[in-house]
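Paired with chain B in one complex and with chain C in the other, chain A is shared by the two complexes that follow.
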Partner chain A sequence: MKPVQFSVTSKLVGDAAVIYPKGYLNNLSGEGLVNECGIYIGRGITKIVVNFSETDLINSIGISLLLQIMEDLRNIRGTICCTNMSKFLRDTFEMLGLIQHMIVFSVESDAIKYLKAGTT
Partner chain B sequence: MSTELKRVLYNISALADLGQEITSESAFHEKMQAAFYVITGTFLANKGAILFYDKAAKRLETLTKKGFTPADLEQLAPEELMPLGKNKPCLIGDTPFLAVVGAEVLVPLWVRDQFIGALLLSGKLTAGPYTLEDLELLSIIATQIAIALNHHSLFMDLSDKLEENQRLYEEMRRIYHGTIQAFAAAIDAKDAYTQNHSHRVAKYSSAIARELGWNDHDIEGIYVAGYLHDVGKLAISNDLLNKVAPFTPEELAEIRKHSTLSHNIAMKINFPWKNVEDMVWHHHERLDGNGYPDALVRDTLSDGVRIITLADSFDAMTSKRPYREKMDVQTALTELKKCLDSQFDNKIMLVLCKVLDKEIKGELPEPEILPNLDKNSDLSIISSLLEGIIAELSTKQSAA
Partner chain C sequence: MPFNAVPAEYFFNRENELHYLKGLSELKKNALGGDVFLAGARGMGKTELLKQLYRLLYWEDNVIPFYYSFKTANLKGAYFPKDYFSAFVRQYISFAKKEPSLAQNAAEPLERLMPAISSLGLHWLIDCIEDFQAHVNKNDFYWQVVAAISAPVIAAQKSGKPVIVMLDDFDAAASLYESSLGDAHGLISLFRESMQSSLCPHVMTGSAGALETIFTDHSLIGMTEQMRLDPLPEDVAAELFGAHLTHLKITPPPVGEAKFLAVLKGNPLYIRNLAKAASKMRKKELHEKDLIECYSYEVSDGETAFYWSSILSRYMKTPAQQRAMLKLLMHSVESGGVDDIKRLSVLSGAGETETGAILAAMQASGIVRSKDAVLQDFIRCLYMKEIEGRNADFAREKIEAKYLSESEESCFELVIPMSSNAELVVAKAVEQIGKNHNLDAEFLNYLQLALIEVCLNAMEHSGSYEKKVFLKFITRPDKLEIIVENSGKPFSLDTRKEIPVEEKLRMGIKRGWGFKLVYAIMDDVRVERVNDRTRVIMTKNIRDKEVAT
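Now for the complex of A and B:
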């Protein structure tokens, strides 16, 4: 089976950016994820939701890119929420200790609600 | 599955990722960037760098980095890193000067006896120290990175040598062509009426060969043959070459020696192109066997000879001679056409007409024949004549 070419889409929901990575996060094309988040951070957005519903797998390169986003947000005292994660993704994040540095939700709407509540 | 086992599997998977990235067909800097992501993703390092040792400049060049400033990395002196061991990670505790740079762990990269660069890491998202297992894994990674850097270094050395060789070759080629052109100038200087004749024959011949689909090397060969085809005239007296009255049979025989003399001169040169001597020797042969010096017939005449013969005659006709005025292009083409089959080759004539027609219509970016023809020529008349000849010869060729 041909792997899905990695791509990223996004939208703004209130004052949070929701990022949708699609495909295997395993090579330099994953830099698109960092760039996409960087655009929002550059515009002053400090809340980012990464919806992993279309990304089941990640390798060390993907972890490094995700780490970059977490560091960028940490530098501006921002928040990263990860949602819709596969078991593999969740297990990997847990094993590496990444999970303690992000807020995890089952679904995107819960993350949005959480971030909205934090605003008000 | 225990966390420990998951971690081991993750590390093995990271090594596989590294191998895949290093052996990929990506550009070197992309490979290094991907390898760097593998490393920072494996150790969750928030600072890191891969440095390449520039042997010529004796300094470390930053290939990729994160967290370190250029000023941090400039403090690293290659001679201080070299004694630290080969592909073995050094911790800050063992090498205090790393603290100045802000690195927690550094690996000097070596391949055999060649110092090739360094790998630096610092900080972990989990805030824990670099463990013994981490250092063992880092040592394996460092060895692979060192090999990739060494391959790049070897490739760069080869590229530099190739570039230097190409530069020398181009220089020699320019000198070679300059010498040949000087020869041609000497030939043309002997005869006031044939100034630049060799240059034009070279241009016309190469234009025809290009239209025939010859490769660049062979086109260069016929260009040189065009320049040298009359080099034997250097041995013919100036009085004879510039004689206005008709030649006596003896004088004609003397003049005709020039193609054999051209061959004798050319054969002493070890040309990198094939058949230059042959093209020079037989540029006065005819298809019907009435040419000189060897009265060769049709099948024994190569395309190269046929091209030079036609280009030589076309230029002779469209240039002034001591015994006649120059012909206009239409008359010259009509005369050449009359001599097809007996003297000139149909196929080569067809190609000459096509090239000239394209040049008139502006279809060739660098015209080689038209700029040398009479500026007062009526191009619409020539074009119409060319179209007629092209149609006629194309029909003949299809029928054959």
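Now for the complex of A and C:
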């Protein structure tokens, strides 16, 4: 694990927002992630993909903020998918018993397909 | 008494110091030297150096040696001047007649020495004794002290031979009193006249802490140079240990198994005591395990333990004060320092004023400055016995376990501030420590995560004013132990409520995952409260698959 400075980028693919958190996901950076998702939710986007390919590490505060996003989306009947998780990250959610409450795909494109199918 | 010096063959590595002190009277006569304060940790051989010097001068016959120990002296006005004066007279006659027994027989009244003094033609000494007796008869305390302290100077003037005055534990002289403690401050400055004499160099010992206070007396500053007795080098320490063992008919440990001796940090007293402990434990030959066994006995019940106990009780008289001091010492050992008086008062269980007095005594004794592992182990043993109510066997086992496992372990310590992203520094440290031990990268990721969570817990919930987290990493071939410590609010695993994930999500509880991760990752997690600190001890076993190939 080589934690780098956290940053978050995003793009819109159809009616889904894809978020790329990069680095160490903790309280400060988790807030950034929540804000980024909040911007899309504010614009009426209810489908979000979080691509973890560049996330080195997530701590318990980062996890709690991710749960916050899940809850926000659930409240507006939205969907969140997690993709490109490293084995370590996946195991971390597994250890906490959270993985079965998340929609996880190996790659981003599978998540986009899933979300598209859900709207048709 | 000065004659009970160890045989010269057991007095190692102090030739230069002895040579310098031996020539001190010549240096002082030519204004090239003055008085000497011997500094050095306890047990480093300061008293022994004085005794060796005494023996050397005694038989060489060019300089008159006078040795006086304040450690065992009665500092009351009615006793001290008589004791000091008669000790000098006895030692002088003994020196003149070359009869050591004369100096050692303190019970014999001075009057009985008169024939010997007359036969030596020392009429000035008879005058001296009569003058002193006149002050005693007049009950003139001040002049008794002056006459006693001046006796070596008069002897030097009359005999034509310089006198080296050796004052052991001289700092105790600051407590000289007339009839009740503290009623005659500054009597120590009466030594000024004697110290200024070019015929009487003074060599003093005492705890550095107390001496600093004494030398604020300007009459004593500027005339004194400091000579530091450093620990014996490793090879010399091993040689001395070997010499003691040979004398006790015990086979020394093989070279590779004597590394443990480094704990004694070249302290001749500890080295001698450990050798004697081996003899008491009827060892015929020593290996590393035997050394550690003898050592645990020494710091728990042996002469070293007795030595330190007597020092502690010298500074703290009542059992309650001793317990309070022990708690503070243990805190100092565990935390590596002392904190503000309010916190320490809570720790010691004594009031702030009393805690302040205990701390001052600790400073004066020089105990808290010491990074002496032996002293620290003695404190640990005493704490286990006196505060935790454990028996001596338990304490010894703990000490032995510590060193037996240490022999193949490495240890890193780290202190981080409670600030944003400081936990990443810890993560980086774990990564490097793991690499040093060839641990698998994925295995290290989990360790980093667990450690980050414990650090976050400390930072978020302790409310510590100190705002620091102390970490210790101990790696052994089969396991890794990580200790995380912080001051502040207590944290207990018992207060952790295990709520099922489904319920947590349903109730919108988003926090409280940290220790769940720690438990899932580590093999063992314990939380202890040590004084005002919370200590989390995590253990992770290292299996073959976790070692990188």
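The working rule: the second predicted complex is superposed on the first by the 116 of 120 C-alpha atoms of A that agree within 3 Å, B and C clash if a C-alpha of one lies under 4 Å from a C-alpha of the other, contacts with A are read in each partner's own complex, and residues count from 1 in each chain.
Operating definition for what follows: a contact is a pair of C-beta atoms (placed from the backbone, for glycine too) under 8 Å apart; a residue touches a chain by one contact, two chains touch by 3 or more.
Worth saying up front: this structure is predicted, and the values here are computed from it rather than measured.
Participant: Would chain B and chain C fit next to each other on chain A once aligned, or clash?
Facilitator: Chain B/chain C on chain A - steric clash.
Participant: Quick check on the superposed pair: does A:M95 touch chain B, chain C, both, or neither? Answer first, second, both or neither.
Facilitator: both
Participant: Taking the superposition as given, does A:S106 touch the first partner, chain B, the second, chain C, both, or neither?
Facilitator: In the superposition, A:S106 contacts neither chain B nor chain C.
Participant: Just checking: does A:T9 make contact with chain B only, chain C only, both, or neither of them? Give me first, second, both or neither.
Facilitator: neither
Participant: Quick one: classify A:L67 as touching chain B (first), chain C (second), both or neither.
Facilitator: It touches chain B and chain C both.
Participant: Which segment, 60-68, 132-140 or 366-374, is the chain B region that clashes with chain C in the superposed model?
Facilitator: Once both complexes are placed on chain A, chain B clashes with chain C in 132-140.
Participant: Which residues of chain A are in contact with chain B in one complex and with chain C in the other?
Facilitator: 26, 28, 59-61, 63-65, 67-68, 71, 91-92, 95-98, 101
Participant: In their shared complex, at which residues does chain A touch chain B?
Facilitator: 26-28, 59-65, 67-68, 70-71, 91-92, 94-98, 101
Participant: Would you tell me which residues of chain A are touching chain C in their complex?
Facilitator: It comes out as residues 1, 3, 24, 26, 28, 57, 59-61, 63-65, 67-68, 71, 87-88, 91-92, 95-98, 101.
Participant: Note which residues of chain B are touching chain A in the complex, please.
Facilitator: For chain B paired with chain A, touching residues are 3, 6-7, 10, 13-14, 17-18, 21, 26, 30, 33-34, 36-42, 44, 46, 66, 125-126.
Participant: For a test of understanding, state which residues of chain C touch chain A in their complex under the given definition.
Facilitator: Touch list, chain C to chain A: 420-421, 423-424, 427, 431, 442, 444-446, 448-449, 452-453, 456, 501-502, 505, 508, 510-514, 516-517, 520-521.
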